[in-house]
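What follows is a set of notes on a single structure, which appears directly below.
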Amino acid sequence: MTNTWQDIKNANVVVVMGGNAAEAHPCGFKWVIEAKIENGAKLVVVDPRFTRTASVADYYAPIRPGTDIAFLNGVIRYLLEKDAIQHQYVRAYTNAGLIVKEGYSFQDGLFSGYNEEKHSYDKSSWDYELDDKGFAKSDDTWQDPRCVINLLKQHVSRYTPEMVSRICGTPQDKFLHVCELMASTSAPDKAMTSLFALGWTQHSVGSQNIRTMAMVQLLLGNIGVAGGGMNALRGHSNIQGLTDVGLLSNLMPGYMTLPNDKDTDLDTYMSTKLFKPLRPGQTSYWQNYRKFFVSFQKAMFGDAATQENNWAYDWLPKLDIPLYDIIKAFEMMNNGQMTGYICQGFNPLQAFPDRGRTRSGLSKLKFLVTMDPLDTETSRFWQDFGPQNPAKSAEIQTEVFQLPTTCFAEENGSLVNSARWLQWHWKAADGPGEAKSDIWIMTGIYKRLLELYRKEGGAFPDPLLNVTWKYTNPSDPDPEELAKEMNGRALTDLTDAATGAVTKAGTLLDGFAQLRDDGTTMSGCWIFTGCFTEKGNQMARRDATDPREQGIAPNWAWAWPANRRILYNRASADPDGKPWNPAKPVISWNGTRWVGIDTPDYGPTVKPSDGVGPFIMNAEGMGRLFARDQMGDGPFPEHYEPLESPVENVLHPKVKSNPIARVFPDDREKFGDAKSFPYVATTYRLTEHFHFWTKHALINAILQPEEFVEIGEVLAKEKGITQGGWVKVSSKRGEIVCKAYVTKRIKPLTVDGKPTHVIGVPLHWGFTGQARKGYGANTLTPPVGDANTQTPEFKAFLVNVEKTSAPVTA
Amino acid sequence: MALTRREFIKFTGLGLAASSLGMLGFGAAGEAQAAAVRPFKLTHATETRNTCTYCSVACGLLIYSMGDRAKNARSNIIHIEGDPDHPVNRGTLCPKGAALLDVVHAPTRLKAPRYRPPGGTDFKEVSWDFALDRIARLMKDDRDKNFIARNAAGTTVNRWTTVGMLAASASSSETSYLTWKVVRSLGMVVFDNQARV
Amino acid sequence: MKTVITRYTTVNRVNHWLTAICFVLMVLSGLSMFHPMLFWLSELFGGGQWTRAVHPWIGCVLLVSYIGLIVQFWRENLWHREDTQWVKSIREVVENNEENAPPVGRNNAGQKLVFWSMTLLIPVLFLTGLVIWEVYFGEATSIPVQRAAALIHSLAAVAAIIVWIVHVYAGIWVRDSVRAMTQGYVTPGWAWRHHRKWLKELGSDQHGKDLIRKRP
Amino acid sequence: MSDLQSQDYVRRSASTMTPPSARSHEDEVAKLIDVSRCIGCKACQSACMEWNDLRQEVGHFEGSYQNPNDLSPSVWTLMRFAEYENEQGNLEWLIRKDGCMHCEDPGCLKACPAPGAIVQYANGIVDFISDKCIGCGYCVKGCPFDIPRISKTDHKSYKCTLCSDRVTVGLEPACVKACPTGAIMFGTKADMKHQAEDRIVDLKSRGFNNAGLYDPQDVGGTHVMYVLHHADKPSLYSGLPDKPGISMMVEAWKGVMKPLALAGIALATVVGFFHYMIKGPNEVTEADEAEGARVLDETEKTP
């Protein structure tokens, strides 16, 4: 989220598309209701199903799963055509006027630089025309046909309302009404917020879905302002934290990236990170990358990281491919390329696409370790549970360790919420039986390996032997000590160059501005610097005061970066520093410095006249309508059909789906066609359940006891399916047998002239816990991911549905 | 930091409800009612501040447990409700959050390490030492066998691809940081979390 | 030795008193649940829950028992023309001038009315009682039906109680009637006064004659 | 013990006396359910089960999000879902939190035969006092909203208590506290009515011309009220009664029947008594015996 949960109340229009906020985030959704009641906001829901969010919406429009880009490109076309954009904002704060290189082109569904063989792009043409100083050329009059705004106009010109309706199945009048509502927020003092979640990410074009809306928001001037922003409603309590701390294949803490094979040494690696400003006078904050990196290496390896050994650069693993993500991992398992797997609080058998593939992958491991408070399906993948988990135990040679962990109520620590708040929580009781914390278990594994390597030697033990472990209790480190390590300390007495203030060695740092690249500071996660200072644990702060009652409680817990609650908040004020919306200012220029209710996302004393752009992390300081090379599948978003789709791509029949979507050879044959699997399916969660956890909680099992699918009345009638009757839903990858919910809430959509039926598949059931046994939606879903992040395409695939009788085992 | 700011919170409905409650006259006059109704079960419970373990709204919680944390008694969580001071949830909870008690006390909570040997048909309980020793052994053997110190071009890559890790999405940042240290110091790259699913 | 006439056989009497006991228990338990003033009666049954629990079961026994009475007595309670005549001269009966009323067979019209009233009311009470028997039939019928059943049940109960009071009073008022139902016999004079026709008919068949016996 | 300080009761089932009512200055409470901002998430159901320690057996999917599929002794509140296509052909998903309405004139209390098993506190809460409940099910018949449910195990009647235990110590009911969108509010009845007025104005501005408050007067108003977008058609909301009132049957049964019946019974007894007193017993005379003996003799002689 760029903004806070409470800030949603400042919106004039709330768009829920690519998510189902009321069901997945009810307590955050209260702020939408608050916006409606207190701010007269209109709630717009665009979703294949009439969801519980839609039940309180002012306007609902249906859409075929997987066609959001077509819809939103249509919105962009509408905004540009009706000139319903926030001109001053777009001119000053976006790259609309920058000139794109000759050589960039888009034709027949492909951007310039496509390599058919490798399914990838050479992205060198996706960039600005640079002048001799290395700055991007610009045309402030927007006359140049190659300036971004004109290329964008040209790019979206194909997305007429007719075309949108043809692709998305959304009736034209509904589409246009949504456009109108969105356009109403182009006024400088009006804001629209976009609330989305996995409904956008879980597509082969997931990142571009989000990017398209971000472009809409930039055009409307809604980024950085109160009640605006792009608000990804994250799913798990600390998934933001895990991403922040870099628990992903290619990440390091604080969004630094792990080196790859091409980064042969530290300097090569650094040369790809230290972004030079692309416009005069810009901040380009990543120029400080080296400070963050060296400080991190000092936290990780302590005294063993020295100038001489390039801060132990070689001790970090390097990647040979972009990502070892989950789909790749199971591909490797199935190919016999993996030996062991450790699942910490994670249930891949239920969570990953193509369940059969997941089960066979786990069966090929030598060992599997699960660490969880609950008896997960994954830890019992080898056990026969009938049709819901057919397994031949005797043939599965995997050793399985099921390790009991404590849960949230039984440990101290911090979690990062969707709005980037680090909130501390306290232990209320001990865990049951012999359950132990993840910290204790990971430490146990670490210490044993350390012992083994000390005793026996072995493959390159240096990083392991040198990783810092200076905790009061080395067998069970205190979370507070770990938090302090992430925050960072001065390693020697530091003198501030500007003020001359001295920070004593050993002192906890107040902010990442204090970090240095000479090994005199350490910080385990630079964006968290300031969370645990000499003043104490900032994450434990409990002052809910909300100056201006505008949804910012700056003294409640602590938000990264630098306790900033609204990202890009410089953009909430016009180029002169006056708030676009005087009724809801975030920060403003008082003549000498930036003041307001939030920490400025900007140099606090940088004058408006200096012309420094508000998007300080970008090299040009501007919001990008043209993404340059940041996206794998194009600098502008383009509609590609899901990998499994019932129709051709009417825009460019030769390029139906995302050309660079990664599909493994084994998986290619697992895609079904519309002839055998004529219906579009989409998966989702229900408000009564949280993934596969709450089926272990009796109350939630009572509230939603049994697996079902949602089918529209028209299709049900066609297929003779009765309310609450049994159906078999099948895809190329498997089938599930469950109850049918025949509903008015899913209506057939007319797509390219043909009726298209959508089937909803909630995902919560499995074969352990209190609820009734179920197959799991992932039995049906395809193993293909988003071209940029490899997030699996759970939200649009093909199935067939048939009436059936009750399973014998039920 | 335990400053109660309830009185500053204005929230449609809830704010109003809060202001009205004081006027209801249950304070001293409600003895009959107090005697007739079910005794209030939290009177002697210990209150602990926590954060909901499910989604990223991160609602503030009040966990009530029996026992005063004295050394000779084990606390037992008896009730969980929303923290009214929390600026986002203001005391509210969703159907998952309101039922957290049942996940804390789920009959399927694991209580001891269990092990299933190759080809086994059931788990058997084992000691922590057995489990962790065995896991460390298996990891080391594989790492020594499959660790890639240098790639074909001779670059030090310090990479181990045959054992992977999925990290928890509900564990604390402190846990994740420690996990990162262990995982990367071993050179593991097949490393992911639940951000995508 | 005295000559007496057997009016009720042992079977008759046992059946009657079983019915009577059930009926009294039903009245007591029923009234306790009917009017708060009488809730104290539930203490006779061990409290409200017990009262609520046993009332319908006693009712079942009552029904079965009363069916026994119907089987035994339906024929002699058939309505005849002279019964109508008798009803018309009820005033004379009430005034203790029974001799001015038409002679009566084995049962007078009043007794027949009691019999047929109960024959109507007890099944009505039983059926409506089933409908409102929460434990077993709480979900068998709709709530409006149950409401009607409850109303009819209580109306029928009140009617039955009033009929019962008349019946009991008649037994007290008409001397020696109670003995007929306890010891089973009446004197010839009692029969002459109250059921003259019946007395006269006794000799008409062997069965009648068998009823006449000597008693010390 | 509850009766020692019964001045907080305004009504008490099966009690012929008026409860002490000197305390007349207590504010009445009300729960206001704004259906128009309810998202049907069931947090209220969940919180109710958790707070009141209620767990029903895990059921089955029955063709709706409505689970469990009905109120029960351990389901005191329930979201009811109705898919409704309005005149414009647009879908509305009308979701209503069902449960005890805490009527000002409670049909259950009127019907209850067990003294003190159902009470109404001065603040308007209608509460079932389990140890006095006899399990007869009359409250089920008395209720205009089909709320109470009798347990098959302990034969007691159960329903929402409006969390009287929480309200007593100054807390809002569990469902109110949990409700994520503030669709359930709690306060004095007067405040709640004001709150409802504001909501109705907002709803009318959004095109719901028939928005209104559901506070049915035939039961004297309720302490649980709804803001409905279609207040003209309450039955759209999964059969919320359009015009709820205590059934005439129940009124007759528990009203006029009671005195009339007792009077009738008493009258019959009294008439009998006075008849006996005035007219005396109907006795057999000597003459009757003689006549009787004569008839018998004749009979014996007949062959």
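First chain written, first letter: the chains are A, B, C and D, and each begins at residue 1.
By our rule, a contact is a pair of C-beta atoms (placed from the backbone, for glycine too) under 8 Å apart; a residue touches a chain by one contact, two chains touch by 3 or more.
These figures come from a predicted structure and were not determined experimentally.
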| item | value |
| --- | --- |
| Centre-most chain [mean C-alpha coordinates] | B |
| Pair of chains whose C-beta contact count is the highest in the structure | A-B |
| Distance from chain C to chain B - Cα centre to Cα centre, in angstrom | 72 |
| Centre-of-Cα separation between chain D and chain A, whole angstrom | 50 |
| Chain C-chain D separation of Cα centroids, rounded to whole Å | 37 |
| Interchain centroid distance [CA atoms averaged], chain B/chain D, Å | 42 |
| Chain A residues counted as touching two or more neighbouring chains | 26-27, 30, 34, 37, 687-688, 698-700, 703, 770 |
| Residues of chain B whose C-beta touches two or more other chains | 11-12, 80, 82, 89, 92-99, 102 |
| For chain D, residues that touch 2 or more chains besides their own | 41-43, 45-46, 49-50, 180, 182-183 |
| Chain pairs that touch, as defined at the top of this document | A-B, A-D, B-D, C-D |
| Chain D to chain B touching residues, read off their complex | 1-2, 4-9, 23, 25-27, 29, 34, 41-43, 45-47, 49-51, 119, 121-123, 125, 127, 129, 161, 164-172, 174, 176-180, 182-183, 185-188, 191, 195 |
| Chain D - residues contacting chain A, complex | 36-43, 45-46, 49-50, 55-65, 67-68, 83, 85, 90-93, 95, 180-183, 199, 202, 206 |
| Of chain A, residues touching chain D in the complex | 22-23, 26-27, 29-30, 33-34, 36-37, 50, 52-56, 58, 60, 686-688, 698-708, 723-724, 738-745, 770-772 |
| Residue ranges of chain B in contact with chain D within the complex | 11-14, 16-27, 29-41, 79-82, 84, 89, 91-99, 101-102 |
| Chain C partner contacts - residues on chain D that touch it in the complex | 14-16, 113-115, 117, 132-138, 140-141, 146, 150, 152, 155, 247, 249-250, 252-253, 257-258, 260-262, 264-265, 268-269, 272, 275-276, 279-286, 288-293, 295-296, 298-300, 302 |
